[in-house]
Every structure is written in structure tokens, then in C-alpha cells.
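In order of appearance the chains are A, B, C and D, and numbering begins at 1 in each one.
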């Protein structure tokens, strides 16, 4: 059992939903990102989705696009992001880390080399938003072989047939995209999301995390109560420090508060 | 690694959100395209609305200038002024039959955007067009036309404000509305099934070309030269000749100011395989896989990737990847103006420039066809500036 | 009172200096035009360079909008964007075979000037184009194109700086060089043999139209609507239907801002017979015979005279003279944009406007053909200004 | 015998060539034109070509175009021009007057009415530059019937066949256009003109006047010596007062001198 599986077991035991915080590393500088992750973990994030910035993040909304742009301008590279995992681990951070990036990054580095590096650095899995199940072979297998999870996504538009295909390959958890849109979109109605959770839970016991558009404690509460095993919050955090880019560290208290609130929303799990 | 592969290139590298739309599109295309009803409607519109067949023109004066026979496949005469309508009409019809109510797309030179709103109006579909702010600026005439035709123009400010960024933005938009909206991809790029669909709709160019050259010369040409970025006009022209090994195929990309890293759009010259916008293809990128901005005066060639099929054909050696530099391109415009009274699009002028500047590739008895992909109306300002300085 | 008469209209009212050139031209046209060699070359160029046949497009959405079947004869798809090339190619070829070395002409909208320099370049003849300063200003895009193609542009400042003045100036220039230079008259105006020559070259429109409508509908249309000033596109379309009395023919001239004396170009509405530029025709003039300046937003209709043949056909009652006002014209552009994705030239939009605004002339079962004489690229600025205000 | 024929007889007797001055009436005002004609006649013009301004004078160069434009702007009408003939006659001017105008003017007035008016006012003939021989029927006949001459033109481009046709109809004199161009063009070489004179004189005894581009005494001399029966000078006079439009009357002395010079050039007739 790895850190990720242990984390879910632990949370289940405590009747809590998981709170994964999504961060694009290096925005606006490495020091801040490291501190940001620490703050999040200390204030309620159960796990970290660590984004390696990509020049053309097509699944991301304006907030994360700007984050990628700033990080790249600041000179962040995939290698530095991977080193960051090691740094976090050496600071004693135990939260599972899922590396997120667009497929071209591991493709260009060499997929195997990429997996080996992040594994060695201390990550538990990878999430590649532009690698649907059709393209995941042979990468999914390679990931498992290296002892990592490949996190697959499921969307409101996913058909029942594909849902089953995806769940068959699911490892670690499945990432339910709450809405049709990009990261940072506003989650207006949860009815589609709730139906999605029901559908997925009917077919699998793999944990199901819900992401996209979650920014408030109530969002988390509703989703967790509907059966989700956790929520992912990303742009909502970036939005806070985005307004204080001169000295983003000043934003950390507010982010801490927000993380705490979200985690509160994950706590009342009724099962 | 499944569908829509051309050698190692192609694929469907998109968010799970979009998979249903791509699979639905693939199914619809395979089901609807071969039907007689679709064929009749499509080819009827291409003929009566688009003006097909476009002529194959023997450019006597230009031929004299270069010393061998040159024919121009006149896609500039297609309604809207470029080959783009072939594809736009096909996809708009398909979208209508799929029950979609709206078209979205991106455009750089504006030619594809224009073709899309024309096709959209014909089919009764609303049209929304994403365009980089820099392209909006330099292709003002096409922007105005699109507006007049009722398209909603969405300026894209992210990145460098060019085509690459507009494609990203359109994909993002599509993720939010793919049930009711069709993304009318403008070139043989993007995830499967787009490269196949676009090439299929554009292959009407090559089919006509083949018949016309056989009528005029009794044989296939020795060479076909086409410009391109995504590759749609080139593939359209090349398709029926791929198996005819005697026909040399030249693909001319935007060399830009110089081949230097920051001043070019020549992905075959200094690109490498990579994944962007849903597809594995030849790509301009840094060593980490970050996409490098492309640069060329021809907005329509200003894309850092080459579509998967043309990437494959070049890798295989079937198609020769070439480039022309901005300066050569403007000079080529001048030659075409003087010899044949035609002002080519800057994109098209890349193919012309290649023919003008590479005598070593052609012999006196050669019959060469340039796929004359578009007219230069949209580029008049830039051409004037080159010839007469800023005015 | 001899040659080139249409009823009372026509004739050769020119200085003795030019008579030799007109007689030479008449002789050459009669001798060369019917030859197989000329026909082959001419129709070969029309096809391969020009893009003929142009389609006859059933405008489904527009038809729904007006409540009867409307076809568009798509001269906008001809190389250069209007019907003008039909005539320019014919005359340039003729001039070349006559041993002329240079072409001169005038232009208002720029469409004819553009066609002339294209044809000149094809035939290896130098081109010089007279254009009123006001027209140079309002048709800047075509001026730029002509320049790029190598035409010498001669700004005409006399009079109001519009078409009428440019014609006068070209005639003056011709008087000094008629031995080596051909005046490539752009419409069915001027002294004999021009009206006949131009109508002959343009009649390819009507010939195609007839064949196409018979193929599509199995019968001739109920009405053909064309805009015009000199009358070349209208006559081109009407010619093969003149004897078919069941086909109603509508000629739509530039009504201008209002029919008031100073704001219109509607010579059939308030003109009278008179002589200008070598020909007796319907003319806007004061009671002393001084030519009155015409006014319309469509530069190509801004001429105070109607060619002799169209003058005669209207007098006879075979053709119905009509007009459209500027405002109606701009609105018609909008309708065509929305319904069919096409931006018509302001000239062409006169014909469209007439069809839109005169339901009483057409019945539900009618088949109406609009001669869609040109595309609106050259008018985009003016159209934008109308729709979005000055920008 | 009318005034025109008498004038030629008289000049022949005195071994002089004729000097016809061409004036657009009403430029820049009627008073000036009347005075101008008087000055010209008093200083060497044997006859007057009185132009009725037309809006589109296609046989005229820039000087006479501007003259027409000014005259029309000043409100001159054909009727006023015709009245001017009467005024000149009543001032005692005896020089033959040829009315020149473009065909549309008499066409719109009604050709017969036009002829009657000018005849009645005292003119001897008409010259219509855009009415070639092909179009002159029935107008030529009507003109003769009204007791007026229709002056026909011959150009360097006129073929021999047409030359004969024209000469057959010639009445009063024939007007030889000296060059291929418009009024006011510069006569660069006279060789074409001299050939033209020779050709015409070989076929006819009708007087032959040469016009277009004549501005200097030497021009007149050369042409008269070559056999021309006279010269026509027009733009050269307009050019002088054009530069003094504020008070054109100031230009009259110079015009007088110029007329006198031209007439001098016409005097040494060697036959």
C-alpha cells in the first residue's frame, strides 16, 4: 500500500472526504510554490496535485493559464518541478503527491524516464488531462509497472460504455470532472455532478474525487454528502495569490483559511 | 494508441470531456459522408456556391519565366478566396445533419473563419470565431468580412495572440458546449477524426487536378508544390497522387524571416515529434516540450505544428518538406503579379517562391502544378508595405 | 447616322482623330472575333484563368426570405471579383492581335481597371488606368491591387473627379496614341464599335445562364434582374433572352440618396437622350445639354449615361428601367450576408435591393435570376461605415 | 458670297494666310470675352472661332477644359453665347464667326433651331469636333440649307479614303488637326502636319486651316509657307489671361501683341 492508498484508508476510517489541492509549480516562483504546498497541507489539504506548467494548457481556464505562463517565464522546467517533490518530501511533507501535466511533457522527456524521476522524487501518481483511455495504452501499464498510479478522468459527457472501460483501468482514484468546461469554471448547478457521482459509485469501489469549479465549503459538503470520496480545489487558491503577485506570501493566511474551510466541508461524511 | 494514426503521428490527445464529441463526430462522418444525399448536397454546394471545379490554369508567362511548364490549381477562385470553403462546407453540412446548432472555430489568416461563417449561414448555424489579437490586427479585412456576415469574433489575448492560442481557446470553449456545438477544425490538425475529415473534404482539389492534368497533358504531373502549416491544401492536392510514385510532392512551410529559432515557422526544419491540440505531430518546441512560438508573415502558416498526415508523409520521404523565407515570399508575389496578373495570398506565395528559387529541383521537361491555395486580397497592406514602404 | 445604332441610340460621335482607330477596331473585331483561333484562346482563358463557367446558384435561404425562387448568376466568382474580366480579356486579346502595345482605360469601382491590368499582363500589354481622384479615394483597395499588378494609375482631377471625367480624360489620351494603344472600354458605352464589342464579350454570361437554368429548371426564368450604368453586365445576361418575350428583364440603376436632381445616378428616371463620350444615349443633363453630375454610393454605377443598347431596350419597353436607393442597397447587402453568407458589391446590391423591395413585381411561382455581378470586397469600408458608423 | 468666303478671297488677294482665333465664350465672364474678341480682331485675327462651353469637352486640353468649367460656373448658356454674336456684330465686328461646340449642345436645343439662331445672330458656320463625317448626315445638309458652313476636320490619322469623303462635303474651309492630341498640346514636329497639308491641297481647292498646338509666329510661318490657307490659335491666348484671372483685362495688351505676331507669321505667303 502506498501513501495514496493509505491516505484514503485513513480518511475512510475517519469518515472524511479527501481534499486535494491543485497547484501549478513555480508560479510565480519556486519558493512560493513550496511554501504554498506546505501551507495547504498544514491547513487541510490531504493530498497535492502538483502541476508541471505547460505552454498550452488546453484543459485549464484563465487562472491556471496565467499561472503556467508566469511559471514558465520564471524559468521553471519539468526537472525543477520533479526536484520540488524531493524538496517537499525532505521538508517532511507526507501528503500523497499526484503529478499533473499535459502529455507532451513526459512524451518529450521519455515516458519511462519521466515516471522513474517522479517516482524517485516521491510522487504517487500522474494525471495527464489530455491522455484519454484510448491513448493511455501503453502508458498506463508502464505507470503501474513503475509503482505509480495513473489517475484517469471521467466527465459528464462520458458514456456508460466508456465509463466502464475507464473504471476497469482506474488506479488510485478516478477524477470526476464536475462540469463541461475548463478548470476555474464556476460550478453553477451540481445536479449533473451528483448524477455522475452516483453513476461512478454504482460501478466501482475505487475512490472518486471531484474536481473543476470547486471553491467553497458548501460545494465540498454537497459533493461529499452525495458520495464523492473527495474534492479537488485548484484555481480557487491561485486566484487568491494572483491578486497579490508583488508579494504572494501575504496571501498565504487567506489561502490557509480557505483550505481549512474546504476541509471542514469534507468532514461530515455520512456513511 | 488506436485510431487516426499516420505512422506514429495522430491520435486523440484530448480531455475526457471531449471524447464523446470526437467519437460522435467520427461515427457521424463515417455514416453520413458516404450517403448519396450528403454527397449530392455537398458537391452541389461546392459547385453552385463554391464555384467548383476550380480551373487548372497553364501559367504561360510564369512558365516562360522559370523555364518549365507550370500549372496553377486555382483555389483562389473558390468562393471566399481560398481552399478553406471545401472543408467548411463539408463540416457545416455534417454538423447540421448531426443536429448541432452552432459552429465554433479559430482562424489566423481569416480565410478559414470566413469560410466557416459562409458555410454556417448557408446551413443556418450560428458561428463564433476565435482569433488571436495579433491576427485580428493584421488580417483586418477578413475580420470585417466575418463580422458583416454575422460571425461573433472572440479575440484571444492569451499567449502571443496568434493561431496556436486561438486553437487552445476554441478547444476550451468546445469543452463547455460540445453537445450542441461543432468545432469546425480548419486544417488537417487536431485530434482524430479531424485530420481525416478535413483531408477527405479537401481531396476534391486533387481529384479535379488529376482529371484536369490528364485532359490537358495526357499524363500526371512531375511535381506538385503546395504551401501549408496544418497541411489541408497540400493534402487535398496530394491525396490522389500519393501512390503515384513518379509524382514529386513538395510541402512548403513558412521559413519566416530566417530559419533561426525565434524567427521561423518551419517545423520540419527544426521541429520534433510532440503532442499539441490533441494530436502527435511535428512540432516546434523547446527541449522540455514547451511549444515554441512560430513566426512568419503569412498568418495562415503561423502554427508551430504540422498535421499528423503530412508529418508522416514527410517522415516517410514521400513528401519533401521545404520552406520559403519571408523575403522570397514577397518577391514571389511580385513575379506572379507581373507575369500572370494574379496577387497570391502570402501563404500561397510560399509555394510560388519555392518554385522560383529552386531551379535545381525542376528540369526543362517538367510539368509542375502549384496548388494556388488563395488570393492575396487579405494581404494587400503587407505586400504594399514591402514594396512601397509604410504608407 | 450610320453604324452601331440601337434604335436612335449609339453612333460614333468622336473627333476625326479617333475615327481611324474606331474603324480599325471595328474591322479587326469583325475579322478576328469569329476565328476559331480567337474563340479557342478567348474561351480557354475565360475558363482556365477566369474560372468560367460561373455557377448559377439557387439561393435557398434568400428565396425563403423573399417568397419565390431566386438564382444568383455568380459573376462574383470570376477572377478579379466581377464580370469585368469577360470583356477585358476579350479586348486585350483583340488588341494584342491588332498589334497594339498598350492598354488604356478608366475605372470607377476599380473592378474594370483591375480586370484590364490582369488581362494586360496575360497578353503582355502595358496598362495605364485613368481614375477620378474621388474614386481613387473611395476604392483604395482596388487601386492598390492595380498598382501591385503593375498598372500606371493616372489620377483625374478635372470635373468632379469621378468616372465621367476619367472617361473624358482617357478619350483625350487616346487621341494622342491611338495607333499603338487600345482603349479598353469597360462597359457598353462609348462610340461604336465599343457597345457591340463589350456586349458580345459579356454575352457569355447569358449563354451560360440559359443553359444552366434549363438544366436546373427545365425552362427559362420568369425574370432576370441586373444592375448597371453602362449596361455591360445587364446586357451580358439579357442578350440571349431578348427574343424570349416571356422573360421579364429588369435593369436597376443607382438611385443614389434620393431621386432628387443632385443626389442620384438614375438616368432613366430623369434623363433624356443626348450625346456624351461618343454615343447618343439616355443621359443626365440640364436643359442646355450640359452633363449633370451623377451621385450614388456605388462607384461603378456613378455615370450619367446609360449605354445605347440598354437605352434602346428600355425605350422599346423590352427592359424595365428601375432603381434602388443607397439606403435600400446597404440593407440589401445585409440580407445577402445573413441569408447566403455572401457580401455583394454595392453595384450588385442594387439588383438585390430591387428584388427585396418590389414584391409586387414577382409572384410565388416565379423563377428569378439576379445577375450577381461582383463581390463586395472593395466596398467593405463603406458597408462597415453604414452598419457600425465611422470607425 | 458670305463673309467667310469674302474673307478668304480678300486674304488671297493680299497674299496672306488667315488667322482664326479660338475663344471659349464667357470665360471668365461675358464682358471679358466680348472685349477679348474685339482685341483679337483689332490686332490681327481675321476670323473668330467662338466656342460654346460644354461640360465635357473631350477634344480639348487642360487650358480649354478649365475655360469651359469657369464659363459654365459663371452661368454662361448656349443662348447667351449666341446673343454674344449679335452683340459683336452690333459693335461693328465684321470678322467671320464660326461657332464651335460639342454635338450635344445643338442636339439638345434642336439642330434646326440652333442653326437658325446662330445664323440670325450673324455667324457664318459651325464646327462640331465630335461630329465626324459618318454622323454629319443629315446635319451637314441642314447647315448648308440654312446658309451656313459646316466646318469639317481632318486629322493626321485620316485615311486617304476618308480624306476624299470629307473633302467632298467640305464647305467654307477644312480644319486640319495638326497633331494627334487635344487642343493646347505642344506641336513638337511639323513634319506630319506638313504632309497633311500637302495631301489635302492635292485634292481640294477649299481653304485649309491648321489648328491645335499653334502658339508662335514661327509655327504660323512654317505652316502658311507649306501651303496652309490659315492657322487657328486658341489655347495660347487663353493661357495668357488664365494667369491673370483676377483681372483678365490686364492680359489684353499681351494678347494683342501675340495676335499681331501670329498675323505677321501669316503674312508672307509665297504663292
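Criterion: contacts are C-beta pairs under 8 Å (C-beta built on N, C-alpha and C of every residue); 3 or more make two chains touch, one makes a residue touch a chain.
Computed from a predicted structure; not experimentally measured.
Undergrad: So how far apart, in whole Å, are chain A and chain B when each is placed at the average of its C-alpha atoms?
TA: Taking the mean C-alpha position of each chain, the two centres sit 37 Å apart.
Undergrad: Just how far, in Å, is the C-alpha centre of chain D from the one of chain B?
TA: 67
Undergrad: Using mean CA coordinates as chain centres, what's the gap between chain A and chain D in Å?
TA: 98
Undergrad: At least two partner chains per residue is the criterion; list those residues in chain C.
TA: none
Undergrad: Send over the residues of chain A in touch with two or more other chains.
TA: Residues of chain A touching two or more partner chains: there are none.
Undergrad: Touch graph of the chains shown: is it line, ring, star, complete or other?
TA: Topology of the interface graph: linear, an open chain of contacts.
Undergrad: What are all the chain pairs that meet the touch criterion?
TA: A-B, B-C, C-D
Undergrad: State the interface residues of chain A toward chain B in the complex, per the touch definition above.
TA: 54-62, 65, 69, 72, 77-79, 102-105, 107-109, 129-135, 137-138, 152-159, 162, 166, 177, 179-182, 185
Undergrad: Which bits of chain C are touching chain D when the two form their complex?
TA: Of all residues in chain C, those touching chain D are 1-3, 11-21, 158-159, 164-165, 168, 171-172, 175-179, 272, 274-278, 280, 283, 285, 287-291.
Undergrad: Can you list the chain B residues touching chain C in their complex?
TA: For this pair, the touching residues of chain B are 47-51, 54-58, 61, 74, 76-77, 79, 117-122, 124, 141, 144-145, 147-150, 333-334, 337-343, 377, 380, 383-384, 387.
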